[in-house]
Amino acid sequence: MHTGAEAPDWQIEAWSNTNVPIELATLRGRVIVAAAFQMLCPGCVEHSIPQLKRVEALFDRRDVAVIGLHTVFEHHSGMGPMSLAAFLHEYRVAFPVGIDQAGENGDPIPKTMRRYAMQGTPTLLLIDRAGKLRLQHFGRLSDLQLGAEIMSLIAEPGQASAQEACNADACTVPPD
Amino acid sequence: MHTGAEAPDWQIEAWSNTNVPIELATLRGRVIVAAAFQMLCPGCVEHSIPQLKRVEALFDRRDVAVIGLHTVFEHHSGMGPMSLAAFLHEYRVAFPVGIDQAGENGDPIPKTMRRYAMQGTPTLLLIDRAGKLRLQHFGRLSDLQLGAEIMSLIAEPGQASAQEACNADACTVPPD
Amino acid sequence: MHTGAEAPDWQIEAWSNTNVPIELATLRGRVIVAAAFQMLCPGCVEHSIPQLKRVEALFDRRDVAVIGLHTVFEHHSGMGPMSLAAFLHEYRVAFPVGIDQAGENGDPIPKTMRRYAMQGTPTLLLIDRAGKLRLQHFGRLSDLQLGAEIMSLIAEPGQASAQEACNADACTVPPD
Amino acid sequence: MHTGAEAPDWQIEAWSNTNVPIELATLRGRVIVAAAFQMLCPGCVEHSIPQLKRVEALFDRRDVAVIGLHTVFEHHSGMGPMSLAAFLHEYRVAFPVGIDQAGENGDPIPKTMRRYAMQGTPTLLLIDRAGKLRLQHFGRLSDLQLGAEIMSLIAEPGQASAQEACNADACTVPPD
């Protein structure tokens, strides 16, 4: 997708690792690091998932929200909800993961993936505190660059602090 | 299982990457390197599957047969045949893989895994040219040690050569 | 050393990979990423040197200056200038490296290392655009964190841009 | 060098990690795994030295002798005996290392390296129990293959066992 524009809402069938659905607006005020992945995509398993875990461990959750998007566009019957649940358990994934809604009219590409015009998996999305898509990257991104990109968004001047709007469990939408 | 005894037959529900079921007796005359794995076991995906591929690439198929055994003992509904097929495709697994038969009377442990009294996955099995189980190892085994163990079995004196009994596609049971 | 204070000048015996000695003041306006290392320190060779190379490759040299400090505090006779020159050649180190001046009165700790009260090698130093020491870290620092720390300093508001003062080959001291 | 022939004696200036010079004949009866390396050759440091350590840790010293040969053919002044001593200490190298004798008449290639016609470093040598050179490999060799090659030599039929001739500290030449 074109970066700089407002990030379009994602369309999620079901969430794991969260009690409530997570909308983009809910995360306003925080930097969002999201990865679109497939549980049987080797590059996702080897690179993206561990990288997301490191992001989650390093940054303050008041600054950065880590989200997984399960965007299955092949082998649909092999990566259903039960398989994903087992995967998330075995790979110790603790951040919220949303299952992208199936495409319409037989489209093998799920809806959020289609909406963002992703080229494949893994695809990394960086969304700034104001909800704008700032980076969309297909393939691997080095930790050094990702750390720099995230901090660049955290440090942007003029953004309202999200600190007061969040506690250990949740963030509420800050008033406009 | 106790090593040194004859390796018990495996009990397979269905095979991938082979047109015919593979029985232990079919492989008599060759060293068998088999790994029991689960497609959502991180140690299996990260370590065992790549190691088996390296074994397959290094050794002559007239000397060594590489086999995967899908021994699911947890998250059964997440690792069914469709999921395994997608996994084998995505991870470019070309060696034969047999799905271990489900346990009886609600036993979560599948039959071959039970019969060999495996402690978990990954478990590596080395079976010699005469069909005896020579090593059963739960967890990781270094490439250096595995290379040495395999060659030790290949080099064993007194074993009939399997060379004539094999061609590029198959090995037939050498006459006693 | 205490971070937040002005970074003390380094005391260098000889430089490699630069035609002119590099003083801290020369780099004012840029973020400095410096690593104190020893050429026979395994952690330095395996971790720090490759990490510095990645920093050099990723960031714009108008924003970030990468510097190595050879702070030998043991095996002095084994890590002399000829050995260091061979090391830098073989390991393809292209960023400037300064040899820390030998300690006085038989002090095995060289002068810059002593001045910064470093605990050992590798030690990473981050110095901001105004010349203040902002981070001093003994041991390994993850790429994710280092990328974030560097960008945090690059993005600091109120710093004069160093852009005009630099060209492809050198940076001149910006006027106060 | 041509494999299959008797391994030529190495010509050593000085030894580390052994109280007595080690000649090939002294090791007769054991498989010899030797690596020619330079302390500032990145591939040697990253690959060969750790691999030799793994060989030393895995195999019984009554079967396998691990030897390093410091074959400096470039940057001679940077890799002298003091530098090597520091290197061996810092990298925790405990197996015997011999410094190859300097070439004659200004030859930059040292004598043993010349005698074996090595192409560079690292070069791995495998010598069988009877003293024959069986493998000479320039560059990296996988652990899987090295383990297999070593075991192939250990298992060779017809070799006199070296067991009685060795104790924890030394091996004596078995009688012909």
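Lettered A, B, C and D in written order, each chain numbered from 1.
Criterion: a residue touches a chain if its C-beta (ideal position, glycine included) is under 8 Å from a C-beta of that chain, and two chains touch if they have at least 3 such contacts.
All figures in this text were calculated on a predicted structure; none of them were measured in a lab.
Matching the C-alpha atoms of chain A with those of chain B calls for a turn of 180 degrees, to the nearest 5. Note: the chain lying farthest from chain C is B, by mean C-alpha position.
Centre-to-centre separation between chain C and chain D, using Cα means, comes to 38 Å.
Separating the centre of chain A from that of chain C, both taken as means of CA atoms, is a distance of 36 Å. Among the residues of chain A, none is in touch with two or more other chains. Chains that are in contact with each other form these pairs: A-B, A-C, B-D, C-D.
Partner chain C is touched in their complex by these residues of chain D: 40-42, 45-46, 74-75, 77-80, 82-87, 89-91.
Those residues of chain B lying in contact with chain D across their complex are 51, 54-55, 58-59, 142-152, 154-157.
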